[in-house]
Amino acid sequence: MEAAVEHAAEPRGYAGDKEAYLRRLKRIEGQVRGIARMVDEDQYCIDVLTQVSAVTKALHAVSLGLVQDHISHCVVSAAREADAAGDPRIVDAKVQEATDAIGRLIR
Amino acid sequence: MEAAVEHAAEPRGYAGDKEAYLRRLKRIEGQVRGIARMVDEDQYCIDVLTQVSAVTKALHAVSLGLVQDHISHCVVSAAREADAAGDPRIVDAKVQEATDAIGRLIR
Amino acid sequence: MEAAVEHAAEPRGYAGDKEAYLRRLKRIEGQVRGIARMVDEDQYCIDVLTQVSAVTKALHAVSLGLVQDHISHCVVSAAREADAAGDPRIVDAKVQEATDAIGRLIR
Amino acid sequence: MEAAVEHAAEPRGYAGDKEAYLRRLKRIEGQVRGIARMVDEDQYCIDVLTQVSAVTKALHAVSLGLVQDHISHCVVSAAREADAAGDPRIVDAKVQEATDAIGRLIR
């Protein structure tokens, strides 16, 4: 969870949907707490697993939203910047960073 | 999150590790809250994504533990019960249930 | 792809469905060849990706079938063997092996 | 596997690496054939599963390469086109298409 100080001035890709992301994460946090409650109440393992799958799916949806916001904001603005500076490496670096993040998602 | 009333009397596969599961889920809940904080503080999208991947991975580990506990307790005891009753369908039903749960994990 | 010599005498979990597995793998092989053809014909990257996802899904289905066969044959017969020998480690080893394989599937 | 006629004139994102992709797909095709041989020779289910996981992983790597090529070529050129035409919907459509494809990969 290292801070990305060098990016601090740019507006974030997800800025427009910030409230929606916070609401979704709040809901996911509640779902995780619900799973702990199920374990605490000795509920059936398969039912616990079903809930874990649901949370994993909800996290995937958040990831996908972040990837989309990242591509449409950060990558696209890097493309413009690269054109203005005549330096394609600016966009290449952003694309590589996005690809690495997607690779961690699909593992 | 439908309750599995019919299973209520059996001891759970994860019973022996209940405290360990609760600790792991508590930590995951904290990680989700940490992601919300990152979004709230406008941290860089790729750093947020990295954290989401970490939580997904932690949830996968919990799932895998539950699957292992389920097979070694519920499936194995169903195998014994099926032998005692001379009815292989008892274990088949448990195996099917486990497979369906694994299928939801690997999607 | 290390050979599992020590297992050579046991009947395989998938034995009953061998022909079905061979047919599914034949079809997957053809799908992979189809993807190569798409690349060779310079088809659109997103269409190629869609086909790669379809093959991945087909492989997941094969994996899930093998996991189910493994649990219902190898794990269940190890449970019986463990009971007969009074040695629970026999079934524990099989369950661990199955869990490791499932872990590689959900990554 | 619907053809994407409307894209037929554009050079493909993966064009530069076409030979590398064809070699990788050839190798994956051979791996799938190897799995069929393992099943045919009644090899141990866990060893078969290990090979299926290896092929799935190889396909993920191909997917990730295609996603990277798609973003760095198709999305970036759509960004330029959108700027030239003063129509942001051009790039939005490409980003949506890429996101949908990534969503199918992470499922």
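A, B, C and D are the chain letters, set down in written order, and residue numbers restart from 1 in every chain.
As a working rule, contacts are C-beta pairs under 8 Å (C-beta built on N, C-alpha and C of every residue); 3 or more make two chains touch, one makes a residue touch a chain.
Chains and their UniProt names: A, B, C, D = Metal-sensitive transcriptional regulator.
Since the structure is predicted, the reported quantities are computational estimates derived from the model, not experimental observations.
The set of chains touching subunit A and also touching subunit D is empty.
Looking at subunit C and subunit D, not one chain touches each of them. One inter-chain figure worth recording: subunit A and subunit C are separated by 31 Å, centre to centre, where each centre is the mean of the chain's CA atoms. With each centre defined as the average position of its C-alpha atoms, the distance from subunit B to subunit C rounds to 21 Å.
Averaged C-alpha coordinates give centres for subunit A and subunit B that are 22 Å from one another. Residue positions 60, 63, 67, 98, 105, 107 of subunit D each touch two or more of the other chains.
Considering their complex, residues 60, 63-64, 67-68, 71-72, 75-76, 79-80, 83, 91-92, 95-96, 98-99, 102-103, 105-107 of subunit B touch subunit C.
Across the complex, subunit B is touched by residues 1-4, 7, 11-15, 18, 21-22, 25-26, 28-29, 32-36, 38-40, 42-53, 55-56, 59-60, 62-63, 66-67, 69-70, 74, 97-98, 101, 104-105 of subunit A.
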